[in-house]
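Below is one structure, written out as structure tokens; the observations come after it.
Letters A, B, C, D, E and F mark the chains in the order given here, with residues in each chain numbered from 1 onward.
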Amino acid sequence: MNQPAATAKSRVICTVDFEREGKQADVLRVPHSRNDSGWGVVQIPITVIRNGDGPTVLLNGGVHGDEYESQIAIAELARTLQPKDVRGRLIVVPALHFPAAMNGSRLSPIDGKDLNRCFPGRAEGTFADVLAHYVSAVLLPMCDVNIDLHSGGRGMDFVPSTTSHVLDDAARFERTNALGLAFGAPYHVVIKEVDAGYTLMTCCEQRGVVAISSELGGGNRVNPGGMVATRQGIARALAHLGVVPARTAPAPSPTRLMTVPDYDCYAFAPRGGLYEPYHGLGDAVAKGDAAGAIHFVDDPHREPIVIRYGASGELWCVRAQGHVQAGDPVAVIVAPYR
Amino acid sequence: MNQPAATAKSRVICTVDFEREGKQADVLRVPHSRNDSGWGVVQIPITVIRNGDGPTVLLNGGVHGDEYESQIAIAELARTLQPKDVRGRLIVVPALHFPAAMNGSRLSPIDGKDLNRCFPGRAEGTFADVLAHYVSAVLLPMCDVNIDLHSGGRGMDFVPSTTSHVLDDAARFERTNALGLAFGAPYHVVIKEVDAGYTLMTCCEQRGVVAISSELGGGNRVNPGGMVATRQGIARALAHLGVVPARTAPAPSPTRLMTVPDYDCYAFAPRGGLYEPYHGLGDAVAKGDAAGAIHFVDDPHREPIVIRYGASGELWCVRAQGHVQAGDPVAVIVAPYR
Amino acid sequence: MNQPAATAKSRVICTVDFEREGKQADVLRVPHSRNDSGWGVVQIPITVIRNGDGPTVLLNGGVHGDEYESQIAIAELARTLQPKDVRGRLIVVPALHFPAAMNGSRLSPIDGKDLNRCFPGRAEGTFADVLAHYVSAVLLPMCDVNIDLHSGGRGMDFVPSTTSHVLDDAARFERTNALGLAFGAPYHVVIKEVDAGYTLMTCCEQRGVVAISSELGGGNRVNPGGMVATRQGIARALAHLGVVPARTAPAPSPTRLMTVPDYDCYAFAPRGGLYEPYHGLGDAVAKGDAAGAIHFVDDPHREPIVIRYGASGELWCVRAQGHVQAGDPVAVIVAPYR
Amino acid sequence: MNQPAATAKSRVICTVDFEREGKQADVLRVPHSRNDSGWGVVQIPITVIRNGDGPTVLLNGGVHGDEYESQIAIAELARTLQPKDVRGRLIVVPALHFPAAMNGSRLSPIDGKDLNRCFPGRAEGTFADVLAHYVSAVLLPMCDVNIDLHSGGRGMDFVPSTTSHVLDDAARFERTNALGLAFGAPYHVVIKEVDAGYTLMTCCEQRGVVAISSELGGGNRVNPGGMVATRQGIARALAHLGVVPARTAPAPSPTRLMTVPDYDCYAFAPRGGLYEPYHGLGDAVAKGDAAGAIHFVDDPHREPIVIRYGASGELWCVRAQGHVQAGDPVAVIVAPYR
Amino acid sequence: MNQPAATAKSRVICTVDFEREGKQADVLRVPHSRNDSGWGVVQIPITVIRNGDGPTVLLNGGVHGDEYESQIAIAELARTLQPKDVRGRLIVVPALHFPAAMNGSRLSPIDGKDLNRCFPGRAEGTFADVLAHYVSAVLLPMCDVNIDLHSGGRGMDFVPSTTSHVLDDAARFERTNALGLAFGAPYHVVIKEVDAGYTLMTCCEQRGVVAISSELGGGNRVNPGGMVATRQGIARALAHLGVVPARTAPAPSPTRLMTVPDYDCYAFAPRGGLYEPYHGLGDAVAKGDAAGAIHFVDDPHREPIVIRYGASGELWCVRAQGHVQAGDPVAVIVAPYR
Amino acid sequence: MNQPAATAKSRVICTVDFEREGKQADVLRVPHSRNDSGWGVVQIPITVIRNGDGPTVLLNGGVHGDEYESQIAIAELARTLQPKDVRGRLIVVPALHFPAAMNGSRLSPIDGKDLNRCFPGRAEGTFADVLAHYVSAVLLPMCDVNIDLHSGGRGMDFVPSTTSHVLDDAARFERTNALGLAFGAPYHVVIKEVDAGYTLMTCCEQRGVVAISSELGGGNRVNPGGMVATRQGIARALAHLGVVPARTAPAPSPTRLMTVPDYDCYAFAPRGGLYEPYHGLGDAVAKGDAAGAIHFVDDPHREPIVIRYGASGELWCVRAQGHVQAGDPVAVIVAPYR
């Protein structure tokens, strides 16, 4: 794996006492010199609730700013959950990459970076690097579990799903999948990620933290169905971990264990244009079927390019914006895991 | 009405001979000095098909660049329709506000204008003004009918619908509604538009051109259901007008005649934040029901603001992006017309 | 004068009933299509308080977004003033050019315009034109008096002052000066403005509305002394007009009637560079004195350019930012009127 | 013609006394509110030299900011020419669209406009409109002749040429051509311009001012050959007009009278890409010859598009930047006039 | 401490011979590829004056581009000081972060970085990293003392002060304080800086260079009082070090030794809005006093938030811009040191 | 040398089988998260042709996006060359820094970096770093030779030339020069580069790869003469290496071996302004001759600054844009090597 250890002193200031019992609503103060405020910081809301013994769980949304369901549900939890309903310690950050969340964009308006390509971070880097460094150097060493909730963002729409990595350590793989199945989204998708060297999930793996993530909507909107899956899934997962009482969790919901078998499951746009998808989320599709077409409105007399699936399975996600650029994924297929 | 007559000479060059029989695929050349091409133009594809006697219909998409269904379907028609299948004259422009369409945005990347607030245009104005002026001064005087197809764009998702204005002239109102009903979308919505003084539809009215528009999807994506409604609706409407043979049209589809009774049908966001809608398109809702909530992720401990409907009816459209700003409409209600 | 009459129908929506007794807190809804909200508007807070007979006064701040004292004081008044304390009608708009005020800039982030160069406005223009048009076509016809409060903005720092135009109509000139003297800032400066053809004050003059303005601070900050002058001045001016009871006004404060005798009173930077002023606000200075120097930090071995005053008098305002560009005013001199 | 009369009062301040004998080096002060200087202006250098009786000539460069030869040569003239060497009045503006000239761009960095599409201007418009209005309303009424020198700018390279319009008035056409021939560039090209309704030259025609322009280089660079043609041409033209003594002019240089016979002389890029020209300036080319090719480096396996000339003649100008967009002219052919 | 050693070869070119006697006015040439000048550099003026034996002092301003007093005074010194008046070696850089200084901004317009968060720099980094690396790897190893003069920049206004770090090494702490006291500003403030791992001062400490800095004005303007303090302070400090003759220094001025006792001395804005300060620089304030208020002009009916001081002492600096963002410091309190 | 070894795992995906015989046209997929496509990549066309034994040559253009001749010629080769005409392996990348090439700019529109200052790259860096890392870690270890073709870009015009470094290893220096001479441009220039620590050529040297580069035109245009030199030079060089048959190469062309003897051969602009060059490419010039002048159009009465050559020789390149900034090179002189 690519990630080196993060050792330098963090530049982030947080006055939370992580050992204190009770509920603390505070902020992370991440230094950010602006032209009109040289000593300015970005304040990222963090709520810590501790009550007796139990696991420490970092529950966060907003690693990408345009993924909304979890930001809303986690902020709600931070507002409403009381210490008496907790066992152990819950570290709650509704919108981790705060400047991106305020901007409604995946990438930071400050340094243009994708926080989920910056782990384990660098104390001497730009904003996203400094923030990633704080998480890996200060927060994760306290944690047993990380639930880092994502959605499809602007570019994709997903069947509501949880995700985790295929792990070599069978016991941890099982513990992780059990957490995903407890969450209760329609799919729990286990993946061998391409280009995952710098993600929060990889960072967790290297530090022995059990980690699941999710895809719970997309298309740059708040999805009502995704909101149900997110609110209920968080409650079920925390109950499964014993951090909140089991009685507070909604009834279990059946979840299928899926995977993305190989690279052929990704369909890419070979050219830029306007993409018309032919299928809906969850549809069963077969290798060689037409997935959609790229239209050239600037040249109406040019034939559209039809894109075909490279594998059979179920349609996990589809392109959620009209325009595509060459190389953009437009569909990903999943199939049952073993 | 606000619109003055457009009389100055157009700056747009088009070598189409609008009187010629047959099919001509050409471009409108709209002057656009760039820093690296002082004599540059923007080329907007236009296809004209003429065959014998019959009405002249201007069929266009892309007045807003982020409304895709009609751009695709109209480009398809321009590519495939042959003179032998036409009676009269069809002027086809798949992406009228071409720079916006290439940019995938409602507004022009050139002058920041909404083309549908620029009619009847000005020959000495900026790009959008010059283009609007060409349409009103050169194209519309040749036309009997304008079918100007829209979708919800980035900000809204709609029940697929056609639209037209409530007109004082009863005969023209009836002819217009008949065209909308022939199109066959689920709703044909007749409206007394707020702030309509500078739209293409108002420009058509003042020149005696029968005009319908539409809302056929939204959310900055290509909607598969919207594509069906668009492709079939165009074919039915052209057949209804006698411009293409009736046998080529799909079977009729039932359409309900609806309206937006008054200003209370619009629900607005009183503050900016993250909007969670509570209902889906077409849902029956009642005055006073909660329409959705505005969440404040930057301040998780602040209560969300619940927005309520100001009228009863069916949900015509909902906000299709997560973030809202103060004053953004988040829902519009329709009710049966008379 | 240059300003034509504004006659077209306004595009701004306001649900205030200006004839109703009592206090209404509402917004002006100015149409502003955004890429992510095609039917979006900008909501500008407006508060109208009416109680029986008396003059109608439009009291507004924020024609320039970076002039803060009046925005704060007028918002405070809108929040706290009750109908029982009013005689006549008070139309209160704390931040008229609202997008500029939210941006903390003189010019609009929407169309780059200075609202005070857009009067009387145009219904078919860009945002600032549409807003100016509403003021001149809808609000001013209801008004007897306009108090439009300004500060020095980013570029200038001022001796706290009220201002008005030198008027041909002696009676109105006297009424206007009496209002300025009642306000009680250190100076009331009467000017024959250069380039005033498109200001709100000129627009008032042409419509017979008594109008004063002000300069109450500057340098892009909130000035504590300016706050005192602003809060007290508003109270005194409204009491002078009989709109609020005289007993609520602070004690009168002596005000000197000044003017800018001619164009030589303006000192300009002949070249761009870093400006060092040699005097403070209100200092007595003489024609030919060194006003300051332009330094060339990019070329330390080049001699600074010393700028000299072109007239004798008191220093009304000085440049409040380090960098200047060629043509920027760096100082303006006032002298007693007559 | 499209241009209405410009009648409103100019907003530009200039302290030159145009009636005074001698040399005055001054500036035009064009109002330009900036966020950091609300009363800021743009200072445009202007030099006026008057000595006794004789014609008034407005000699200017920099209508487009990226056309350099004339800016340099005219600034040189402003610096060195003395009243004793003048007969009549010379109004010299080296860089008329000053913000564009400082930016090295055709269009203004202030309002994005091409000054040569803004005549006769509007006092209530944006910066370029206000400037054009000053020229048409204040300067041109004083002038007998306008020499407005251009080059190819960023986009084009030209055979050094003067240009003028084909005029209906035979006497003025002859006087104009005589001035062009006196200038002594290789070509004097008389044109019926496409899209010329808002240029300075058209504005001169409508006011009875004899007007020539030029194309003296291009490619966003200072061309040594173009500098010779410019310096000598100005001297010959002023001598021809009697404004400077004939003895100061260089020896005459042979000039051919050319024209652009019709629209087929323009070769356009049908698609965007990388343009490779096949001929050099002044080459004799024939209709149907390959003019160049558009290459698609993003798709190396796609065949280039070869563009062919639509007319025979000499190559007046060629595209001077690698990238082209659809609709950009890449070559223009001239042929002898009559 | 966080800063590693800088060892790679510098990419900066400087033709100064630092060993040569006399005065050399030269530039640092820092590579900066631009799109229009691939081999372009940024030239940063540097003046080196050497005369016989004595300490080497690096005197610089402009680490932040919007801090002007020192840029002006140091450029003046570079222009006027002669070798005969020097003992030892003076390395004078009026505007170290030159692109920021030309831009009048704290951060670089090139890479958006704050130079004072980039030390000790990296030869393979972006512009600010490369520049910091040159200072730490080439200049500092020659130096005994660094006087790096700052002001409050855009965001803050300060009581004119010098500053230095609280050092573990008592002898060096004393030498440093003696230099600060010699400078003669009203305060010499010794601080344990938050987030100081990457500053020039920390870099000096690690290399054994005696280092003081300052805060000599602010608010993005040139402060006349700050200019006096700066000009006199430099002269006194250089005389104290023996680099210039004592007779050339102004009379000593009393300086109080102050400190920022702890983190409670900082008052922060909890929300964004318009900040009204209640006190002036140097005022004595008490813990719990209202420091100022945040006003919400977008919602005039919302109560302002009053911010209170967290410690008693004197007001060292206040917010110098109207708008604040959440987390911005608005006031800092100092108290006597020991 | 500065460059460390690149060892981390590349993030670039390429499905080419470099060991396979025949021709493969594929793309490099470089990860590039966009706001509207989180899993987006940039697709860079690569063609690999392998046929039996022989050297491996990486032939690429477009390290700078505004250098066009080689992009066109190399794309042509990728399109037309067949395996039967190859001996060994040819890795062909017409536009290596693809985002810059599509943008027509030297620097990347993604991260603003010059790819040729990023070698050997970093897998965890920004886009250009990741791309450079792939070249150095994956491609170069397969290569014997790199031919990396450049032109003058926007800023410079060059006598068509090949270039290489002066090498300590005499045998490799000779092999490199032989390759340059075989290419057959007018000059082969051997240089000791300033600021070459992070270039592709230095990276090749450190890995034992024979490397030549070139300067084959400039001025942001496609130069017809440069196209001839490029097409023929590539054919001759590949034939010289035995990768294509000798019979396919054009006749040899005489090449002179030149060098840039020292730093005095560079003439720089001491101030920004408008640069007028006095000589043409290849002209013989002498130390002390005037090279050109910087004109100040903003101040026509200021004397131009004349720049003089610091060495005698032939003019290798001249500034190809009108505006210069302080520190820009405007001319470089070459002289025969030994």
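Everything below uses one rule, namely that a residue touches a chain if its C-beta (ideal position, glycine included) is under 8 Å from a C-beta of that chain, and two chains touch if they have at least 3 such contacts.
In this text the structure is predicted, and so the values were computed from the model without any measurement.
The minimum number of touch steps separating subunit A from subunit F is 1. Fitting subunit B to subunit F on C-alpha positions gives a rotation angle of 180 degrees, to the nearest 5.
Looking at which positions face the partner, subunit A and subunit E present mostly different ones, since fewer than half of the interface numbers are shared.
The distance from the centre of subunit D to the centre of subunit F, each centre being the mean of the chain's C-alpha atoms, comes to 36 Å. Each chain gets a centre from the mean of its Cα atoms; for subunit B and subunit E, those two points are 58 Å apart.
Multi-chain contact residues of subunit E, defined as those touching 2 or more other chains: 66, 298-299, 321, 323, 326. Every residue of subunit B that touches subunit A in the complex is listed here, in rising order: 25, 45, 47, 62, 66, 68, 71-72, 74-76, 78-79, 94-95, 98, 101-102, 104, 219-222, 224, 227, 274-280, 295-303, 319-323. On the side of subunit C, the complex with subunit D involves touching residues 2, 64, 66, 105-107, 112, 114, 117, 153-156, 194-195, 197-198, 321, 323-329.
Those residues of subunit E lying in contact with subunit F across their complex are 8-9, 11, 13, 27, 29, 31, 33-43, 111, 123-124.
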